[in-house]
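Input: a single structure, listed below in structure tokens.
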Amino acid sequence: MRLVVENVSKSFGDKKVLESVSLTLEEGEIVCILGASGVGKSTLFHIISGLLMPDEGRVLLDGEDVTGKPGKISYMLQKDMMLPYKTVLDNVALPLIIKKTSGEGKIWPWRRIRTAREKAAAYFEEFGLSGYEKKYPAQLSGGMRQRAALLRTYLFSQEVALLDEPFSALDTITKGKMHQWYLSIMEEIHMSTLFITHDMDEAIILSDRIYILGGTPAVIQDEITVSGKKPGAEEFKISPEFLEYKKRILEYIQ
Amino acid sequence: MRLVVENVSKSFGDKKVLESVSLTLEEGEIVCILGASGVGKSTLFHIISGLLMPDEGRVLLDGEDVTGKPGKISYMLQKDMMLPYKTVLDNVALPLIIKKTSGEGKIWPWRRIRTAREKAAAYFEEFGLSGYEKKYPAQLSGGMRQRAALLRTYLFSQEVALLDEPFSALDTITKGKMHQWYLSIMEEIHMSTLFITHDMDEAIILSDRIYILGGTPAVIQDEITVSGKKPGAEEFKISPEFLEYKKRILEYIQ
Amino acid sequence: MKRKLQSITNALIPASAVILLLIIWQVLCLAGVLPGYMLPSPWQVVQAFVKDFPLMAGHMWTTLFEAFAGLGIGIVMGFVVAFLMQRFHALYRAFYPILVITQTIPTLAIAPLLVLWLGYNTAPKITLVVIMTFFPITVGLLDGFKEADPDAVRLLQAMGASKTQIFFHIMLPSGLGHFFAGLRMSVSYAVVGAVVAEWLGGFSGLGVYMTRVKKSYAYDRMFAVIFLITAISILLMKLVDIVQYFVMPWKRDDRSKTKMEEYK
Amino acid sequence: MKRKLQSITNALIPASAVILLLIIWQVLCLAGVLPGYMLPSPWQVVQAFVKDFPLMAGHMWTTLFEAFAGLGIGIVMGFVVAFLMQRFHALYRAFYPILVITQTIPTLAIAPLLVLWLGYNTAPKITLVVIMTFFPITVGLLDGFKEADPDAVRLLQAMGASKTQIFFHIMLPSGLGHFFAGLRMSVSYAVVGAVVAEWLGGFSGLGVYMTRVKKSYAYDRMFAVIFLITAISILLMKLVDIVQYFVMPWKRDDRSKTKMEEYK
Amino acid sequence: GNTATERNSDATAEKSTKNSKKITMVLDWTPNTNHTGIYVAQEKGYFKEAGLDVSVIQPPDNGATDLVASGGAEFGIDFQDTLAAAFSSDSPLPVTAVAAILQHNTSGLISLKKKGIDSPGKLEGHSYATWDSPIEQAVLKNVVEKDGGDFSRVKLISTYVEDIVAALHADIESVWIYYGWDGVKCDMEGLSTNFLPFADMNPTFDYYSPVIIGNNDYMKKNPDTTKAFLSAVKKGYEYAAGNPSDAADILLKAVPELDEKLVQKSQEYLSKQYIADAAQWGEIDANRWNGFYQWLNENKLVDNALDENAGFTMDYLK
């Protein structure tokens, strides 16, 4: 699937936040939006996910206009947003429970719930969560919560996902481990991903392309293609190529 | 002033958190304690500040045993810990209001409060906070709150300060700016500082020496002296020396 | 082991404080400082309690029936009304301020009117209990819904969930904490409400018992029944805690509360 | 401008809902469905209110005096007791459970005893109001103190602050939110408590007025006085909000609450 | 109902034939010795014999008349003085007094002997607990002034006295009580008191209290049932008049919450008052009834003047 954002602008009251933002996400790509705090990154994602109407512009998914229509694109919010009153399994299975299915699921909701749980449980091993199905989110470490949120996002739609600062709540060391895990899991599941970060290192390590969002109102200031990477995150991080990319980004961000 | 921590051990219930930790902080030095989340860094600071009694070992300040005696060392807690119901000025002046002074301050507390406010206000310019005296913490940005907390810590004691992850709540870009600001302010105020971080880059940029805390129970795994630096934080960050230090630290932290 | 011991001493301290107060009271009565017609001694109250317990037990079931029936109706109505008001914003805006105002009406003042309108059976008593419990439960639930994390709502919206699904997956569980706090208040209101309604007339019930013993100057029995009512309230509140324990399993170990212990 | 308009329509919707109810009630009365001796029509109530207002106003001052005196004493006692219990942990452990239990005692049941013990002046009324308000305020404050951020306490401890300083700089401001919530409840309790105590005897006061009009089967005046009591409760609660606005300036713009608006 | 009799009546209601008529009797307040005859009729089966299924309920404070008027109960108990307000209001309550429970007004002023209030005029300068009825205060004014006292110097305290003994120990110096209950209690407590009956102070005040009232509509439609009910009640009171101790036991069995000694003592006193000097139990003398209401009319104590013979009838009492 191909996601296209065309000339999106948005104001809150008198305050213009986004000014004619355009971007594309090709099938299977990992693209990052890099910008300082408060610049309007989450607002952009709210618009792409259909939660918020833009003042101008539109969002196209494989050519279909999905502006203001939620439920089409998988969205992982900025906070890990595990519902504290549901077990990890129920949290992860939530998109499958919510989904409007035809057939008997409509009449017997508990059947739908059981099927959803079974489907979700099958992925726990792969996402390093096995044994934690019946626990509550508060009993998990930050990294595990993030993995569970990622699994939930994946279960909603295998095609296009928006991740809002997926790793920013983690400490640097856990974050490093998560980066490696993320790169390896992405090799298996091939989900087109648009993600937000304000961490340059993270942007360079994980993405195929980087959009730099900045200014008030925010515009796309640059687009950087990152190529020839992935020799394992930590080594890449101390390679000269990495430093080159970093220098280029630093031009925009002091 | 010279701070010495000798063979400190601490358990919570059956769980041993710190095992015979020793370290020193010389006058005017900036020393960092680097370790993963949950390793026991804050616990160590609680012990040094006198809030918590260690099971074994002691804390010496210029040779005087201050184990379990709070009020001697300035301590900035992990959260910025601005009291939400006090204005920024009152928050910053708090240590001066609290301090037991002899003379008329004892009899007329409002005089002490007025004097404290005046003293604190004098530093607002330098810490980039002027104009925000009468605001409440919720109205400040993350970076400003952190600067205010730092100023409060400085006002409590100009000699030895403990900073628990002073910049970890900030986004990477703001963090970068704060690092530069911090280095420049430290050139003026010369406060001996022991700080905690789990961010390798931060540790290398800011400190004269780094203690690596790791394992369960946590021990000091290595001590690294960082020399020949400070050509401006951002440039240093992309220099080859920086990468050398980073490689060395990465041996301990995967 | 250590914790168990501590929780026993935790219970012992207030218990001994109560016993001390009772002993002082008994001594004052025996010494004649407090005349019998003004205040019976604790010992007299205990005797009256033991002697009259079978009689009080009979009345108690009536009161409990009224309290539970009223509370049950109040809870069901509360849930339905809260659901509708949450679901349809116009209803919320029209009726939420009225709900809040209604709570300030002195319910007891209209109790005599209820008896006049509904007769002397259990109907007016149950109605009074419903009025006294419905409002706190509804307002509690609505306030609880407001606690729902807007990001959780957005998460479900982004998944394309319907408003009803958002209600059941987000609003309801978020409101439960407030609901149980409201319920804990309400069980005690329910019992006291039933008793007060019975003061106004009826065949049986602890309120009827109370007016009768008061009329025949039996203050020892009066205190005994006040004690019984208090005990019932406390037991019911504990019951609510137990129900909450099972309904909200994710709240069971709130470790953060004990974190300060080491530092004290 | 837009906000102002919106807040006006916000008030209009519930107001028109109330007016609609009143019209239905009036029509039912005029149609004779509701007999006059059972329920006066709204118009009769309004007439009674206007006609009797000077008389009611006189009684109102008595009731307000009792309510305020009781509330004032309750607040002062609440603060002192909460301070002592916070300061001395032994007191807390001995009396906190008793405080909580005391709240479940049906206060109204002991009101007649108060009259017997204290006579027929304002003393028993004020005492009842004190009892009804002291406990929620104290428990509210103590629960508020528990809300205090343990890290804030540690911060002050690290600065070498004394327990008293920690109380005034951390505990007290942290407890204020709960205190005002308790106070909002308490002002309404205070008025109703004073009225109920007056039912049991006194020279003047809205409760005395109420018993008199009830005895003379004047239900229109009865409704008028219930209306007045409700209005007083609401006004006092608004007053508490205003006081809170000034005492807790840092709570003034809680922006997070309005953040969802765009999404609805 | 949980008291023994009420349970019985519930049980019989289910078993008895369908044509037994259900009747609700609402008392004036908590059950006491004024009501003994009703409980006797219940216990001894007089109601059942008359084909009636009677349930006795304790009403809201001052609510019995409202209940009877609204049809919530067929019969009830009230007092001639308080009924005046119900009869004279703009929309009079549809109730009528059908029988007097006690022949004479047994109420009076009680005070501790040491206060020296041995005649009504001496109330001057003392406090009195009033329930704020204009009629009550007019009656008091009349007797005080007739005895040469200054009523304006009587300290009126608005209160409903819950406990006469405690009240007299507190700052209340005199209370209007019914001797049959509160007076007996004072005697039991060994208080030396002065008791001044109103009937003695002014014959106009020997009105009827308490009386049985019925719903007008119901009685008009069911005259025979009304008569049957009243004759059963009458039989009950006649038994109570003749067997005070037995009757007290019956009351205590039905209402075990009451204090045994007080009920026995009170019954002893009241048994002589049920019939007293009248030809039969329940008789209402038109002269005495009208005399009091006339006095109310003259003193403008009612909203609308009460007619001759208003509010009572002897038609149903045989």
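The first chain written gets the first letter, and so on, giving A, B, C, D and E; residue counts start at 1 in each chain.
Just so we're on the same page, a contact is a pair of C-beta atoms (placed from the backbone, for glycine too) under 8 Å apart; a residue touches a chain by one contact, two chains touch by 3 or more.
Small disclaimer: the values here were computed from a predicted structure and weren't measured.
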Both-way neighbours, i.e. chains that touch chain E and touch chain D: C
Chain D and chain A - chains in contact with each: B, C
Label of the chain whose CA centroid is most distant from the centroid of chain A: E
Higher-contact pair (C-beta pairs counted), C-E versus A-C: C-E
Whole-Å gap between the CA centroids of chain A and chain E: 82
Centre distance in Å when chain B and chain D are each reduced to the mean of their C-alpha atoms: 47
Where chain D touches two or more other chains, by residue: 38, 112, 116-117, 154, 157, 214, 263
Junction residues of chain B - those touching two or more other chains: 51
Residue list for chain E, restricted to those that touch at least two other chains: 62, 66, 70, 162-163, 166
For the chain E and chain C complex, residues of the former touching the latter: 1-3, 6, 24, 26, 29-32, 55, 57-63, 66-67, 70, 72-73, 162-163, 165-166, 169, 185, 189, 255-259, 262-263
Complex interface listing, chain B residues touching chain A: 36-37, 142, 168, 170-174, 176-177, 198-200, 234, 238, 243, 246-247, 250, 253-254
Chain B residues touching chain D - in the complex, by the definition given at the top: 46, 49-51, 70-73, 75, 77-79, 81, 83-86, 94-95, 97-100, 136, 138, 156
Residues on chain D engaged by chain C in the complex (per definition of touch): 10-11, 13-14, 16-18, 38-39, 89-90, 93-98, 101, 103-106, 108-110, 112-113, 116-117, 150, 153-154, 157, 188, 191-192, 195-196, 210, 214, 219, 222, 226, 229-230, 233-234, 237, 259-260, 263-264
Residues of chain D touching chain E in the complex: 35-38, 112, 115-117, 119-121, 199-204, 208, 211-212, 214-217
